[in-house]
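Each of the next two complexes has chain A plus one more chain, namely chain B in the first and chain C in the second.
Take a look at the complex of A and B:
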């Protein structure tokens, strides 16, 4: 007796002959017609810009000429980028920015979710307050923090000087050593509520009966967390971390508004550097090559994100 | 309030023929406004001597019943401008719509720092407006790239001689004129006499040299614990080159030879000993003496204004409009802050920008220009030329080029100095004499398509590299010079 599993059936469907494929498309023509407008829009607003960016990355675009006067230079833009000191400095900044922001925002968000998962008076109010950084405009938040950090009369500096803890206001964003950590703090402040919401949603899925059974078996709070709660949150954690990482790789508003990548390029991350190369210095070719490299990195992250989502679906399907 | 005695300095300025030569052409001598006689007294003598009928003049260029559509972007007012200017901008567009009721005007105001980025992007997508008013730096860049239509003052009914020759250079590329100046200005040196007095300095005397600025700044900071000089070193902000270049030129430096009478822009001078001396002066104030705002690297002039009105800043370089800005800020203050602001306003003084060690005085010859785009770069592929010329005629008219520059600048059309509004302005805008006295010392930015990148990115980068300690003064200057060389080589 032959058993046809779902996997075998799926493989059969995915590998038909060309006539089978066309027959299949024709059979599902109504489905394709429904998604056609969305695909057409995506081709225009996503596929074409990606194609054009890749194409442009092989051209020299002198700032004194129009874009149509570009000249083909093969991989020279990529070579120039990979051999420039600025690239490695900006890449290091980007990695520090992305890893630190993602990790700390996730840990804080997770901790807040665990705290808010319990019943206590004022839980709703606290939850609403903690979400505020995530819902306010990033532009407004950047300006507010710029004033909080202000090196001459910022609020933090005034408090520290007022309390006699410092002789003069600390220099947060006008100093090459402190500017990036200062911006990361702002980014974490803005992002941790997102992690908190995701993890709170994940916590809802942890079965109560399992936790109670573990308690009956004598497991303490840490053991219940580690052996019951955390395994259930593994997939939502992966998705949250990947989404945060992608968002951080693409961050623009906070560093651009607060410092413009300065001082002395100390807070330039990939996106701000690409923006300056393209719109400030009109090196469209080099900026495109940078964008292609960033796109490839994000594709890798995207692959893991899709895998994590697929893992979730498989688990849910199997449950 | 004590008035500033400018006689001697102004006289020297007016006869500073080398610098004047960079601004004036031979034909200027026959122009309605005689630039060779330029002095505060001359400006006063011609103010209110001629009436102009703007609608009638522009009606000859584009009939007042002309029916059309115009898209127009312009560098508008921003947070550092006084309310007075906002009102004039509002009045201008209302008047235009009344004068040309059948022209459908779609106007968009952008700030100095955003306009170039947005305009460049729009050009790449052939989605530019039909007409645009750009900062003075922008004219050459877009003319050199072939985006602009030839356009000279005669095309909107005015002789070229009615505009500053230095300003005309900024709209000329390869011998062809591509735009018309709307306003031109030079800044002046501002100080708080009360702070000077409390710091043991002569309250009625501006620092004579940039070396004095360094000394005064330190003295103010050491004695009063506040910032001495309002240094600005933010990147991608027009404020930075407008404040640093006068210092660079005064020390005898430059990006190229733009401070000479006949610049060739061949050799890069950013790493010359004179340029390094100017950078060293900024370094001394920021790093050695810590006598300027620490926030100078991320701030612009708009951030210096509240510091100044709060009595926390002793000196700065800016427009006459800063006096009106202080009045606006004072109105918004309450209680003790209001009184403090009034004290600052009462003690606000304007003087000529200090000289370098060799007595050289310089200031950026700034301003804006108005242009018409070629149809292929405009959204829809069409330019309504009569409509574009109508708005250009109005903005560059003696009346409106004066009114739109009322508090912060000067009319691009020299006949604006002859209007009754100029007379009114001389009486109502304090310290206007001082900034108009600086005009003969004005040096235009290099008339090169690469100028925006040099001024908005490379020069501020040089300052930041030196002031943050990322590089030494020598290294920062050498690095900047190398970047300019690469840029000029098309790299």
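Take a look at the complex of A and C:
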């Protein structure tokens, strides 16, 4: 309760002339009780960790979690990160991973949603099957694909050899040049259904009358899609792409289980790298500094996310 | 006049041809997606009914010469040490996921209702703060949360997981439910109030039943998220008897790296509950997204 009013008081100072605000808060005091449980959980599990991470990032820390012996070293952790070669390698991997996964998953999901929009026999079954990869655990997915990519007994290798396309089964995940694309295929397998569900939901909001009107006016299928359907889906698309991008940027399980970041960092992305620094090499200070940098980048994405959501809100208000 | 009469019948046929082209492209694409989605899962099932020896052959047996359910029997046999562990992990996952689901519905429903109905100062700010949680990766919170959990004595308990999982589910849950409440006319509640119901009664009797699909969707989302969560469970729990399925399976198979039939059987068993749950309730989920998240 106090925290909530503290925040709003801070806002009050930003808005001069709203002297009735305190009375307004008091008048609405019962309303806060509804949101209080949610806010309280959020504060414990979010605000405190963020504060602590920022603090640790300025300290040199001993290994082990007895963090009493830490010593203040200013920005040394940050300079150490930005001058290391691994940082740039991992950043490039993260960019490739995030952009490729997001783009392909969105396009596949959107196309599947469009193809499933028309009524046909077996549509419900097909839709259900396509959603399954999104529902099952990423750990299970990682093991399934690890087995499929297996360098000796993997099915893809066997098919390639059987078709005469390769002399011996190729090694997908122990190879510096193929490991990242191979993992991206797994990630897309798991994520396109999310884009599909979102876009299916979005497609239902496109008014049929408009489509029919366009058809009467002689618009072909592509024109109807481009001039009627797509503009209606702009908001959903933005939100979907942002959610996918954030999820991909933050993904951990697939690279961690399938490769652990190897071989020679070829499949390390930011999160796996931070995890290894913290829990593998116990360099808490450096890992925290990494987290703060990550946090700053996410704030940029977050800005667009909130703007997209706020756009939806405004539309709702107007409707 | 005659020229028009001649051109009119032509136009529909030409248009139908074009539409058919798109429709065929759609069908071919769907077949491709079906293969991409289903083949890995089919291969998982086929491998899980092979013997360890049959799985390690090149070229592979496309269909096992001697299909066997041995892997499943081993996992489900409480006498066997593997089965004992697996069933315990399964129970742990079920317990953590169920409690998380119940708590997140209890917390999300009033919050979403307030964000939808009340116009208290700071509402938008708080709403977006809650949503921003989605932006942050688990790893950022891992070290401080571990220390926090140790300080309040929750390390190596399921409580640490439940508290953490609550915060994943909440943002989307609140967002979805808020969309639902926005769509329920206030007049319905007002009518109930005029008839003498308190605000709480109006909420329970009018609003709750109307938002059932949203609540079900929220519950599915929380359950699946908790069931599949890996990184916190991997960090917070170290005692074997407390592990949840994803971590338990990973730990088990890092010791038995070549038992692929067993691994595939375990992956399958781990997927069954969430897939069944989702398939049973998916129409609520899609409806909730339509009405909640993406309406205009």
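The rule is simple: the second predicted complex is superposed on the first by the 294 of 319 C-alpha atoms of A that agree within 3 Å, B and C clash if a C-alpha of one lies under 4 Å from a C-alpha of the other, contacts with A are read in each partner's own complex, and residues count from 1 in each chain.
One rule holds in what follows: contacts are C-beta pairs under 8 Å (C-beta built on N, C-alpha and C of every residue); 3 or more make two chains touch, one makes a residue touch a chain.
This is a predicted model, so every value here is computed, not measured.
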Partner chain in contact with A:198 - chain B first, chain C second, else both or neither: second
Contacts of A:32 with chain B and chain C, given as first, second, both or neither: second
First, second, both or neither for A:279, with chain B first and chain C second: both
More chain A residues in contact - chain B or chain C: C
Contacts of A:136 with chain B and chain C, given as first, second, both or neither: second
Contacts of A:155 with chain B and chain C, given as first, second, both or neither: second
Which of chain B and chain C A:260 touches, first, second, both or neither: first
Shared chain A surface residues [contacts with chain B and with chain C]: 65, 67, 150, 152-153, 169, 279, 284
Sites on chain C touched by chain A in the complex: 11, 15, 18-19, 22-23, 26-27, 29-30, 33-34, 36-38, 40-41, 43-44, 47, 55-60, 106-108, 110-111, 113-115, 118-122, 124-126, 128-148, 150, 163-164, 166-167, 170, 174, 182, 224, 227-228, 230-231, 235, 245-246, 249-250, 253, 260, 263-264, 267-268, 270-271, 274-275, 278-279, 282, 285-286, 289-290, 293-296
Chain B residues touching chain A - in the complex, by the definition given at the top: 117, 120-121, 124, 141, 144-147, 227, 233-236, 293-298, 307, 312, 449-450, 453, 456-457, 461, 464-465, 467-471, 487, 490
Chain C-touching residues of chain A, taken from the complex the two chains share: 4, 7-8, 11, 21, 24-25, 28, 31-35, 37-39, 41-42, 44-46, 48-53, 56, 65, 67, 108, 111-112, 114-116, 118, 126, 128-133, 135-140, 143-145, 147-148, 150, 152-153, 155, 158, 161-162, 169, 189, 192, 197-198, 200-202, 204-205, 218, 220-222, 232, 235-236, 239, 243, 246, 249-250, 252-253, 257, 271, 274-275, 278-279, 284, 287-288, 291, 294-295, 298-299, 301-302, 305-306, 309-310, 313, 315-316, 319
Residue ranges of chain A touching chain B (in the complex, touch as defined): 62-67, 146, 150-153, 169, 171, 173-176, 258-266, 276, 279-282, 284
